[in-house]
Amino acid sequence: MKPLNASDAVSVIKDSITRIVPDADFTRLEPDDKFRDVLELDSLDFLSLVELLSERTGVRIDEVDYPELTTLSDATRFLVERTARPPGPRR
Amino acid sequence: MTAFTMPSLGADMDEGVLQEWLVKSGDRVRKGDVVAVVETDKAAIEVECFQSGTVGRLLVPPGTRVPVGAPLAVIDEEAVPGGRAGAAEEPVTAGAEAAPPTAAGPVAGTSPRGTPGPAGAGREASGGHERPTPRRKAARASGPAAEPVRGETRRPPEPAAESAAPVVGAGPLVRHLALLHGVDLAAVHGTGAGGRITRADVERAQPPPGRRVRATPYARRLAHDLDVDLTTVRGTGDDGAVRAADVNAAVLAGTGPREPERPDRRRDSGRRPDTAAPADSRAERRTDSMRRAIADLMSRASREIPHYYLYATIDLAAAEDWLRRCNRDRPPADRLVSAALLLKAAAVAAREVPALNGYWRNDGFAAAGEVNLGVAVSLRQGGLLAPVIHHADTLPPDVLMARLKDLVQRARRGRLRGSETTGATLTVTSLGDQGVEAVFGVIHPPQVALVGFGAVVERPWAVHGMLGVRPVVTATLAADHRATDGAVGARYLTAVDRLLQTPEEL
Amino acid sequence: MTATHTRSTAPATPIAPATPTSPSAPTSPSAPTASSVPSGCKTTYREAMREALREALRGDERVFLMGEDVGRYGGCFGVSLGLLEEFGPERIRDAPLSESGFVGAGIGAALAGMRPVVEIMTVNFSLLALDQILNNAATLLHMSGGQLPVPIVIRMTTGAGRQLAAQHSHSLEGWYAHIPGLRVLAPATLTDARYMLAPALADPDPVLVFEHGSLYNVSGDLPADAGPVGIERAAVRRPGTDVSVITYGGSLPKALAAADDLARAGISAEVIDLRTLRPLDDATIGESVARTHRAVVVDEGWRTGSLAAEISARLAEQHFYDLDAPVERVCSAEVPVPYARRLEEAALPQAATIVTAARRAVGEPLPATAGPAEPQPVDRGVGGAG
Amino acid sequence: MSTTRTRRAPRPAAAPDPRAAHRLALLESMLRVRRFEERCVELYSAARIRGFMHLYIGEEAVAVGVNEALTDEDAVVSTYREHGHALARGVPAEAIMAEMFGRVTGCSRGRGGSMHLFDAGRRFYGGNAIVGGGLPLAAGLALADRMTGRNRVTCCFFGDGAFAEGEFHETANLAALWRLPLLLVCENNLYAMGTALARHQAETDLALRAAGYGMVSWAVDGMDVFAVEDAARRATEGVRAGTGPHFLEMRTYRFRAHSMYDSDRYRDKAEIDHWKERDPVEGLARLLREASELTDEARAALEDRLAAEIDAAVDAAEQAPEEPVEDLLTYVTSPVEVNRP
């Protein structure tokens, strides 16, 4: 896992979302919008997003972390913070 | 050197059109090889030459009408001393007919593949008898063919693929066929005399043609209009014939579109607006068609089925706790979502209340022997699919979850298989992620019930006289009053509730 | 015919008044509309036919009825009973058993300005008059460069089902429908029996009317709104969405019965009554099949070279890309119609065979048995959506 | 109708006797048929006329003589050997020739050809190529007259071959049974196509057999136009008087083949020559010349006139337009707006 800066994190998030919602339109998504609502991600989509982000960044994302992944800015901050710290204990 | 002339192919033939050359100058030909296609008033006929040798100049371009007897090409008989540069010779014939030394140079460039050998040589030896005969004719043709070498060099070089290395034991027609059908002659086992590759060998070696799909004309039309690849559609008609319903099902299931999601499709279409338009309009038609299909089905359901509706709000605290515990130690890929539990509960409840699991047909209800759960999946571009999780009641939640994820993903990518779109005995729809609390659905005939789940929300909840905040979900049941009465429906929702209180047993 | 049959009768658009109104047509003083069987009353196919004749005879002095036993006997099948008394032996003319002679005489009389209605006892006997019908009636107009229209109506009984064996039971209307220059009608309902004759008589060209023997006794209420009908269009006797059952004449009641059966199985059959076998109403047939995508053609004629074959061919020509199943034909067995009841029934199209064919067409070849062994594909029309 | 209708020139001044004029008119009428048919042979050989063509040469007296007894109101139903009947009836040679050329000006707009000449205006109902097929039709025409009380005669020509057809017997019975105003004229030329009468009929006295149906009938010398005319007048008088159908057996002979050409294997050359001695046209011409009713000059003038008439018919036919192929299907059924009689 390597540390991400904010801009890397944003692009990882957007890219991951695009994989799930190919025609996601980020121009109408403000940093503080709830992207699950705007982009209509259902629980399975969201789970996929978690999976992707986890894979790509190496960050462990638990269910309790889900509320951190509500807006783009929250999620960015979350990834930047988590990649800066050592990973938590893994199974 | 002799002339290959327009043959008389029938008593009434005076002239013919040289339709196509199957050889080019420099090719080795043998007596009996098919070298050209001539079109008469009656048919296109493959014509053979009567000399063995090397094709010199082609005197007549394709498309020319010439009288019978007119020279079409010059054929230089083999073993003529001073063979032209570039006139490749096959090792087989070289060894058999000509003195090896004269052909030594060209041989180097030929492929040793194939089965040259004594058998081939023996056969070729007989070909040698032909030599004196063409010689006689050559005199006549000497005029037009006076400068075969220069004529040859003036011609633009042929594509290297074929000319570079005439394959052992294959005549011009066979080579032509091979080129036409994309057959690599090197890989073909020749069954002719001396291992010679015959026409039949090439035909056998052809990649199998696309499976001829048995489909009705209307289904074909629909498939074309909706851009569905018929080979991907499972036919339910006579002998597996694809019928319109199958195409519609494929559209609804999202299987079979010829252009499944290509990530770069947008950019692609931007670059090629000519192809973009039809593709887009096809997509629109597909959407229209799905809309129409849904419209038809739902109208029919609404028209024919007397629905009754029940709902129950279910405490999900136990289920959510259980999920949380399960997921805590799992990587995201292995985690469960509450939908999986809800589906499982719905399926097990259906097994318990079989009167809701089956079909209304012929004025009567027929219970299904298994629980195949249709799962309504909304598509981003609009529309709805209901892929089926077969035997959902028997699947452990993990498996159910994996199946659900897989189906939903493939449904949205248009990758469902036919069997995954049919056979549902009960359908579940969940609009919880869209934020609604309850969904009162329309039954999908000939099924007799539809189960709906709303959003999991936190609500004040009294348990044992104590008020607390609990996650709850509103489960709804739309059921066919022809098949069941409200009491049955109530039993079903009660069962769902009960099952969700002991998630670990699901 | 069942009550359903008559109830579902949809009057086609009238194209001609029920009574010829040509100024030269001498009109009898009696009111031409007077009828002893007013609309809305119980009647039979036979009586409806008789009423049509009575109306025509009253309304136009040029009309006369000629045939074997049409007068004193009252008609071989009782259609003209009582007309002799009302109109006299000149206009209700018993003819010797000379089919060619009296059919030809009808043609000549038509050429000379009369409006003959010639009755042939059965279509089998019409073969004795085939020369006159084909070589004269059907060809004179063309052969004379348009000088000689032949306004004759030739009625005959057709079809089997009454154990009359092989020389009284055949359905040869398809042969006549082969012939340009003829119009061929097959009234199958009370309304058509009552009202097809008038436009047939108004047609300047020869019209053949085929009355299926099994229909004469069919009784029911002539619909209250029954009135003049056209002889151009087929009629949708029962609308449906899953399969078009195309038929005419004596097979119509069977087709309607089959449609009832099919409906109970959840299959919605549209039943089309051709009414006019020549010229065929391609538009109505095509419109239906383009909707249902499946066709079952029911024709009591023999399958080979039949009217059903013609319709199937037209569907293949004009609606190939609409077809979602091979066109099904339900025709008579290729056998001279036998006498014995069981054999005769087996030789003819029946409601059950129509049902079977329709089920094949919609892809549900077997009736559902109790409890499907495994779940069937969810829906015939569309699949998959929840 | 009288022969004057078809005459194009004034009567010769040298014939003040009206009966002589009538005789000349008969000659002219027969000669027109003869010359017309001869021209048809030429045109057929030159492939200008195609199809089946049956010539009337030798039988002219029958058509011309019978026609003398008919009025414009009467109807004629004929056979496929009907050029003579049509010409005698007054159908213009030009319309017949154009028909055989397949032109739009033909009397059937080119749709009938030699065997199907029609002229509704002249009540000439063809032109029937089914042996016996015209008989029931004629009975119907007569029936209509009877039912409507019109005092008209329908005259039906048919050959001895028709005696083998059921339609003759059905019609004879019907006509007699219903006392129809029908004149049945059997042109007994001794051959049903190529089969001699005695080889196709057990009883060859046709008049006798017709009498068996209960109608007045007798045999007539069909090579004698006066005999034919006389018989036809007497028969039509009977018909008009309401005594029912009459039957005339015209004993005649065709000099040429059944159709255009045949091998004549079925009859002797001597037989043909024998009958040619009784040529009705030349016989009458000889008679008139002997009676000084026809000079050689007048005969020549008549021949010239007829030749010119037929030339004009051929010219007109050749120049006449053909029906456009787009109109192929017209007249299969009546146009919607049809002027019904």
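The chains carry the letters A, B, C and D, assigned in the order they are written, with residues numbered from 1 in each.
Just so it is clear, a contact is a pair of C-beta atoms (placed from the backbone, for glycine too) under 8 Å apart; a residue touches a chain by one contact, two chains touch by 3 or more.
Just so it is clear, the model here is predicted, and its values are computed rather than measured.
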| item | value |
| --- | --- |
| Closest chain to global C-alpha mean, per-chain Cα centroids | C |
| Of C-D and A-B, whichever chain pair has more C-beta contact pairs | C-D |
| Most distant chain from chain C, judged by the mean position of its C-alpha atoms | A |
| Centre-of-Cα separation between chain D and chain C, whole angstrom | 42 |
| Averaged-CA centre spacing for the pair chain D and chain A, given as whole angstrom | 107 |
| Approximate Å spacing (C-alpha centroids) for the pair chain A, chain B | 37 |
| Chain centre separation in whole Å, for chain C relative to chain B (CA means) | 50 |
| Category of the chain touch graph - line, ring, star, complete, other | line |
| Every chain pair in contact, whichever chains are involved | A-B, B-C, C-D |
| Chain B partner contacts - residues on chain C that touch it in the complex | 264-266, 293, 320-325, 360, 363, 367-368, 370-386 |
| Chain A residues within the chain B interface of the complex | 21-23, 37, 40-44, 47-48, 50-51, 54, 61-63, 91 |
| Complex contacts: residues of chain B adjacent to chain C | 216-221, 236-238, 243-246, 248-249, 252-253, 290, 293-294, 296-298, 300, 358-359, 361-363, 366-370, 372, 374-376, 384-387, 421-425, 427, 429, 441, 444-447, 450 |
| Of chain C, residues touching chain D in the complex | 20, 22, 24, 64, 90-91, 95-96, 98, 100-114, 116, 131-132, 135-136, 140-149, 151, 180-181, 183, 203-205 |
| Touch list for chain B against partner chain A, complex | 261, 263, 324, 327-329, 331-333, 335, 337-339, 380, 404-405, 408-409, 432-435 |
